[in-house]
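Take a look at the structures listed below.
In the two complexes that follow, chain A is the common piece, with chain B as its partner first and chain C second.
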Partner chain A sequence: MFTFLNFFSGGIEKIINYLGQHFFTQQTLFNTIIIVGFLIIILIGFIFIYLFRKKKLWRRKVFLQISLNNFIGEIAICESEDELNEVYSNPAHQKAMRQFQRREMDRNLLISELAETSKKFRGITMDNILWLFEKMNLEKQLVKNLGNKKWHKKAKAIQQLAYLQQKKSIKYIFSFTNHENDLLRMEAQIAIVKMIGFDGLKFLNTVTYPVSEWQQLRLIEELSSHHAADLRNMNQWFKSENLTVLNFTLRLVEIYRLYDFYDEVKDCLSHQSMTICKTAAVTISQISNETTADLLVAHYPDYDSFTQLKILEVLQVDGTKNQLPFLFSLLDHGDDSYKLEAAKAIVKISKSGMEKIEKMVDGTLFPWNIIVPQIKNVA
Partner chain B sequence: MNITDFIFQFFSYGILIYSVSLLLFYVLIVICSIAEIKLYIRKSSFTDYNLLASSEYAPTVSILAPAYNEGANIIENVRSLLAVHYNNIELIVINDGSKDDSLQKLIEAYNLVKIPFLVNEKIKTKPIRGIYKSNNSLYHKLIVVDKINGGKADALNTGINVASNKYLVCIDVDCILEQDAMLKLIKPFLEETKKRVIATGGVIRIANSCEIVNGKLVKVHLPKQLLPRMQSLEYIRAFLLGRMAWSRMNGLLIISGAFGAFDREIAIKAGGYNAATVGEDMELIVRMRRYMHENKLPYKVSFIPDPLCWTEVPGSYKILGRQRNRWTRGTIETLQIHKKMFFNHRFGILGIISYPYWFFFELLAPLIEFSGFVFFIISLISGYIKWPFSILLPGFIVAFGFLYSIFAILIEVLTFNQYKRRSDIFKLILISFAEPIFFHPFVVWSAVRGNIDFLRKKKSWGEMTRQGFNSQKSINHLRA
Partner chain C sequence: MKILIADDEMIMLKIIELRLKKDGHEVIVTSNGQEALEQIKLQDPDMIIADIMMPFTSGLEIVSEVKQSGLHRKVPIIILSSMGQENVVLEAFNLGADDYITKPFSPNELSMRVKRLAPPTNHL
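After this line comes the complex of A and B, so read on.
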């Protein structure tokens, strides 16, 4: 033991000596402090230079925005090309526009403002904004941005092309809909749908990367501003190996009540992915027919508790007397949530449901002393 | 080398090596946080968060707001939470056995009536006395739970049992939320396709001296008092650099209890909050992560650098000391409960990097710093000290600390820049130089006392007196 300690302390001593001689010398520490001190001074200097520059840029941006807003305000209400040309040739506006054309940064600001404005308008105002966009030859700048190596600049350009309805670039944008960069890919998908609506969903035929839940929400929202088109070509999406495509397809069926796809949704109830089964259970309740409730009860044992409870909720709307024996059997379930949902479904399906439940259970004991009044309270 | 020389050298170089390792970690943190913030800001420039607020297909969220003796501001606080910018929510206020008139005030203000309501007790809690809902359809999203006092963790567990939505957002009832806070907090759950996001958190900012009208933040000011001002800098460092970096590495061990979102299913499966610890926010995250690892489920804990929530911080050394004491005990308890993960490769980054980092550089740091200081004094008195070296060593550490703080200020300026006036930034820089003298030693001492209190098995939260945003005094202590 003593020998070990001696050996150990000897080893430590050697390390200490080595470090002391080679790394942690007084001179090294002193030099490091000086370097760190310089770095601190440089960073503080940078902070204030940045703040001054930011303020200067902000002032210029505000100035340009005011000029632009006045200009766009006048352009937006023009009713003919002559009027547009007249406003455009106004010397004050010409001066402002020349300022915008001078620097790339300002041109990009102008494009951003036009894209932002175009979000808010439709019809003739939108046409006038597009007229201005073309008149100022800003497409050239956007195409340049699209060729930028930085993904965020490229994605921004795609977004702006879509806002400004530059349909000439659809083919090029489409090539990004299965791009490896997820943000670039997402913007391209949204851009295509924004410009051509439901037809833009053709990217679902080829996309191999997942379509995130966030992206699905965005697509649904984007589609809501387009007239629902013929979606009979969805068959191949049901066969997609990309599960997120299948999930999204089920959501489309649910939202647009696409009864033609009942059989495809039915097949999804026995899909190997539980996520797909859950979505399919919710979807089929929206396109239900007289066989749906029995179908859901048949699949019920294969599902996890979340989906099972979802099915019980569906039965509260679509259930028939056929499912009553199944529902009564759940009144003995070990989990009180099942008892509650089953009891709710029974009461919804059968007028004498509550009476039968009260005969079967002891209403003075937990949980029935709460479930029974809760259902009566809601009813 | 005699034995005294040996001990002296051992301590000197031991502390230096420890400091250098810590500093190298800080460098890693800076690199990772820059990468993560850059990516987040670029992504955010495309994001229209309003989509989530209005979409009927957005995920459902249950907000859990525990309240204990919050009668002074409870009506306004609940109103503010009901006005949150998100459609698919339910707000569950848990009155944790308040001794004041909080419940009565809520009943009167929101036309509440007691209803029969089955609570599936998936997590064991103290008994519920009643559940209330409003007669007024304007407040249909509000559920008030009245229960026997059991502390914050127990109140949150009750909220989890009552909640019916997919995601949980746990919030301190007196926090001021940014308008789009909920949208930003929920989005990460929807973005990930390869891993399940089990929790998200955002930056907490300091509301002292800010202008707040009707529960809304109107104007941001740097705190006028010295202590809150120093904490402003500390929060910027911790949230913008520390947590962003850990998020990048998927090694985050804590989401602030003041405002965080959780996947309800995983929170329940992991067993909910641990009512036996004073660091329940950290403990839940560690336990959820441990659950995912043990079940071999790919997951992520996400963090966003946006300032989402504003809260009041202690303005006196007494209250600050209690808070830091409790945080230290919470950290020790959490690390002790999950000691199995220490350098355990089965837990991946969590076991190999996150846990050891917290153990060596969060838990042990104050103790090592304190013993280093004692050693320095003893050496000085005994004449053992080598003057140039002993000045240079702390000088090196303090200089690096300044650099780290200045860097945090730079990141703040380059990103969210909450303090618009240049004079505020200048004051923050000055504070970074004053902090090692007026703030840091006290925080270290409070942590040392936390260790002592842990050994004495002290379990109390300690009273947390808040000045209140309307300069009204209110008392917030969830555990009596």
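After this line comes the complex of A and C, so read on.
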């Protein structure tokens, strides 16, 4: 070991001597080592200060969270306004609250805790959380956060305003419902619907960016927790140039069975967008009347296979004897799925349908040897 | 009545603890499933309220273990969870849970359910 160290230090000395003789003086090398060493010490010092500060902040956060939990907990279980005021004016709590009011970071921590708590509780507890939020005038901080340069902080503020049911702030959130940032826009749309339900859909009047399929599902999910409201003012959504708005409107008509919009949906069957036609075909089947089946058959040739098969499914429920010639013509279709769906519709519409089909086809050959037993079950 | 609560969310623990103390119960708080199982053996609670999603041991594992143990199998267990899916609720009841509350919930409602499940001798 000793020999190795001797060899190693001797090697370094040789390198230094070589560098000194051929590239720079020993003095330059010495100065460089001193400067680099000094920089390393500064860097280590900086890392230590950073870690120390971070730990101090974390400890402070934990301390604040504990005092917050006690305070929020006591507020949450109050059963009357007097009890709320009594807990709120407790000198120990007042001291803590003053601290929270002083620093923006602490106010944001308090807001986060209140928003998180509001997600988990309902009833009086939820009302008490909202009472505290308003008592401490924290809406101002959230509205300020909406003006933050970072999009994720704005999105968080929007979410928190929604969780804390701050309907007064809808006017600020509304401007984000047509924001160029997808995530911010989606959060704003959801937030408004979360707070005011169906009335919140007014953003569809102005939105120019697409409302994605995922966002449409989220909106429908959010609406399901609100009472279905009067949706008679949907006419302008049917005229929207934003196809995703039109598609979403058709879905609303389908889900909430809005029979008053039958004519508008009917017009959508001949829309230039195939996506709209498909949705319209599905929608109209949910609000159908005696003319729907004929209407769908008339549009049938214009559609792709998915929509055509969908129409055949609709005819199984809404079809009349008027559509039988059309359905019998499909028994010769090249695609077996069409044969099956058409045969099912025939059997459902006509009592003698099964008999007629058996006369027309050879039930011993493929695919009828499979289709016939299936439609016998349907009949 | 001595009630053990197991939940990894501090604010949840605090609010339930304060609510139950207000009703006159003695409350033992634990922040994970493993700690809950240890405290059940040590403290012998009259009722258990447990979340499902917890570190180390889940609420369902607590139900399973308690209901299979000889000593505590008659202790009523209320599951408190944000998972409202039918299969999860059914699994909890199959394992032996006595009640299931889905979050968001009302602490007052929890208080009533605790009263309803309390063993007759401990009724407040």
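The rule is short, and it goes like this: the second predicted complex is superposed on the first by the 257 of 379 C-alpha atoms of A that agree within 3 Å, B and C clash if a C-alpha of one lies under 4 Å from a C-alpha of the other, contacts with A are read in each partner's own complex, and residues count from 1 in each chain.
Throughout what follows, a residue touches a chain if its C-beta (ideal position, glycine included) is under 8 Å from a C-beta of that chain, and two chains touch if they have at least 3 such contacts.
Given the structure is predicted, the values throughout are model-derived calculations rather than measurements.
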Of the two partners chain B and chain C, more of chain A gets touched by chain B
Check the residue A:Thr125 against both partner chains and state whether it touches chain B (first), chain C (second), both, or neither. second
Exercise for review: Go through the superposed model and pick first if A:Phe48 touches only chain B, second if only chain C, both, or neither.
Suggested key: first
Given the touch rule stated above, what does A:Ser337 touch, chain B (first), chain C (second), both, or neither?
first
Footprint intersection on chain A (chain B / chain C) at none
Within the complex, chain A is touched by chain B residues 1, 6, 9-10, 13, 16-17, 42-43, 45-46, 51-52, 55, 57-59, 115-118, 120, 187, 189-194, 265, 388-389, 392-393, 395-396, 399-400, 402-403, 406-407, 409-410, 413-414, 422, 425, 429
Counting only contacts in the complex, chain A reaches chain B at residues 9, 12-13, 15-16, 19-20, 24, 26, 29-30, 32-33, 36-37, 39-40, 43-44, 46-48, 50-51, 152, 155-156, 159, 183, 187, 210-214, 217-218, 220-221, 244, 251, 255, 306, 335-337, 340, 367, 370-371, 373-374, 377
Contacts from chain A onto chain C in the complex sit at residues 65-66, 69-70, 72-74, 76-77, 113, 116-117, 119-126
Interface with chain A, chain C side, in the complex: residues 9-12, 14-15, 17-19, 22, 82, 103-109
